[in-house]
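Submitted below is the structure of interest, expressed as structure tokens.
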């Protein structure tokens, strides 16, 4: 069985460590916030200038001046700090964020990522994605293994315009957890009940399958 | 008669305009602050991170955390702002300071300035002087016309290591007020009772003397 | 004499001097912390062929989006131009030019522009379309591209409070691009919710020093919310 | 678990891991806003061959000056090394190397180092000895030199107050180089006059975000004044 979105978030949350400053991309990555282990503290960075993002506000707390990078109203957590966009990206570009989780259209065996533009569709812009992938040492890409037509999103070479070159080392899909190095994908874990054959079949880029590939446990 | 230090400061103060943000270098330039015309407001920038420098503190007001770039204890004026050194030099480098007044060892007819180092003597460092001369459009150099041995400090080419290249356009000495352009010094005003001959004699760099050179009035 | 008093009383005065073809840098993220009324004044003035440097282009009917209605914008420099029907139309018809710039690079370009730094190297965008035609250089084994700074004929920003000298503080994440934008205008116009007397704001907590502010005006703001997201009480 | 609590209880813990030959970036201007006790700890540890990046080198008997006593410094990167007898001796004897850097360039080098900008162009120093060996490039008809950023194995900074998470505010001009230094250390150690609980400081007025701070310690400070200058009451 492929992972549900929540299971994907749970698996990514296992990469968290106590005291981590984390940037969660818009979309599925935000679900990771719901699965921070209880004994652990993490602080969420929002690239529009907030470190220490709290939960969504109650109706009474809603404040037009307090939003996240997804433009949603939010609150501040205890011990938050607020700063300019230049300062925010100084943190990101300077490698001060411990973990970045973001979605993608494609990732390839060289660690390239395409996540911001599909030619022919309207261009909306890369927002902070190019800065995030260039700035973080520790990035987890979170996406489905294949698109809705069954076409692999783990390629030998990205076909879409890149968000960043050679910067992705870890990918969590609905089928597997993989690492990227030496120009290849390396299968590390598989979703419960998902066969190695299915993963091999749905991975277009070079894939190394070790002798033993443990199943994720939930 | 050559100008006194106070007369020099009075003459430089005539370059001030209401609402000017001004950086006064350490030494003689600080005297300019004493001669701001009464109907005028200027704000002093101190490059260690203070805009709106007030007078020296009373004994009771002395605060080790509030100093100027000369390391003297100071106070803040009403409407002051305090910021980091990076922000301070962003103001300076970005050309936001309206007038900079600083001393020099030598200035030459190309607008070069030497003000920070005399080889053979111990090197103390340029501090913020190189940034100030590179950042300001409007700089007045304030110095004696000749050194204590009578040797001109207005040269065809600076002999000492430069603080900045081609950045000085105005010089006020104890003998004259001069502008620099087209690779020459241009005599604009002379100190009361100082002859053009004396100025010509003590200016080593190319000097243009117009038909009429008014005396400064005090 | 006026001294450091930057206060102007009308939006006409605030935007006086804006001409066709000029470049305007605007603060704001989405429609949070945008200079709503200064933008409305630009619409009223009808200036054309503007180049606008701003992270986003507002939305339909609010913020910079309203300048699309009369085709006042020639070119947008932005990181994300979002969901804006009119934007899409003008882009596809070729009436509007867009220079997409990564968000952090855009923020740094504004800061650099205000700080007298003409260009800087960044890893952001290396190996992507953004890098095309840009210098590449290696430092410590990693490759970076050279990005040039930006400045504007005008900068329009929105702060929370400012004293009459233009010393300003921003409220929460309405800060965003405003502090950098404020430094990068030949003429910087700031609108605020409240103007106070000099001395009322703590010098240690000023976000934007008055040295950057040329004109200051107090306004009232709609402060629309783009995505109202709430939890149960 | 510790979470974001950065507080350490001893200066030994604060400086643990400092080794011979490392680079240390220090905040402070003159002896204003210097991390007095962290410097004393370095003296106590006796680390040698240090490269120190700091605007100044303290004075005789206080601040970084005390590291000269046991010849712990191999190289200083500073804008002004002031009146320091021991400094002069070691410089003239060739025991100490000095890399003089314009003050604004030094501040920007630290900021850039912390912000992932490996190099930037500045007009400061163009045409002077500082420009020797550096790339020159013209932008808009003016010439600029390329300056590379700096980072340290350690950064040592002094703030006024910080919460346990390391969110800090500085007092008056004791801010100076501290905010940039704080961003540029692989390990950043901050000492403060007062540690408060998270939530006590307004998020909008934090000067240095806790993300930059690895270790935090509360100390007592001499805060000597270099030039006490007063006027009549």
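For reference, chains read A, B, C and D in written order, and residue numbers begin at 1 within each chain.
Basically, contacts are C-beta pairs under 8 Å (C-beta built on N, C-alpha and C of every residue); 3 or more make two chains touch, one makes a residue touch a chain.
Being a predicted model, the structure only gives us computed values, none of them experimental.
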Query = Chains shared as neighbours by subunit B and subunit D?
reply = C
Ask   = Between subunit A and subunit C, what is the gap in Å from one C-alpha centre to the other?
value = 29
Message = I'd like the Å distance between the centres of subunit C and subunit D, where a centre is the mean of that chain's Cα atoms.
response = 32
Distance between chain centroids, defined by C-alpha means - subunit A, subunit B (Å) = 55
Inquiry  = Using Cα averages as centroids, what's the distance between subunit A and subunit D in whole Å?
reply    = 35
Remark   = Where subunit A touches two or more other chains at once, the residues are 76, 82-83, 89, 92-93, 135
Note = Residue ranges of subunit D touching at least 2 other chains are 108, 111, 115-117, 122-123, 171-172, 175, 203-204
Message = Using the definition of touching given at the top, classify the network of chains in this structure as line, ring, star, complete or other.
response = other
Ask   = Name the touching chain pairs, would you?
value = A-C, A-D, B-C, B-D, C-D
Note = Counting only contacts in the complex, subunit A reaches subunit C at residues 46-50, 55-60, 62-68, 70-74, 76, 82-86, 88-89, 92-93, 112, 122-131, 134-135, 161-166
Ask   = So in the complex, which bits of subunit D are touching subunit A?
value = 1-4, 111, 113-117, 163-165, 167, 183, 198-199, 203-204, 206, 209-212
Query = Considering the complex alone, what residue numbers of subunit B touch subunit C?
reply = 18-19, 21, 39-41, 43, 45, 51-52, 76, 78-83, 87, 89-97, 135
Note = Per the touch rule, the subunit C residues reaching subunit D in their complex are 108, 112, 115-123, 137, 139-140, 142, 144, 148, 169-172, 175, 203-205
Message = Help me check something: in the complex, which residues belonging to subunit D touch subunit B?
response = 29-30, 32-33, 55, 78-83, 88, 91-92, 98, 100, 102-108, 110-111, 122-130, 160, 171-180, 207, 223-233
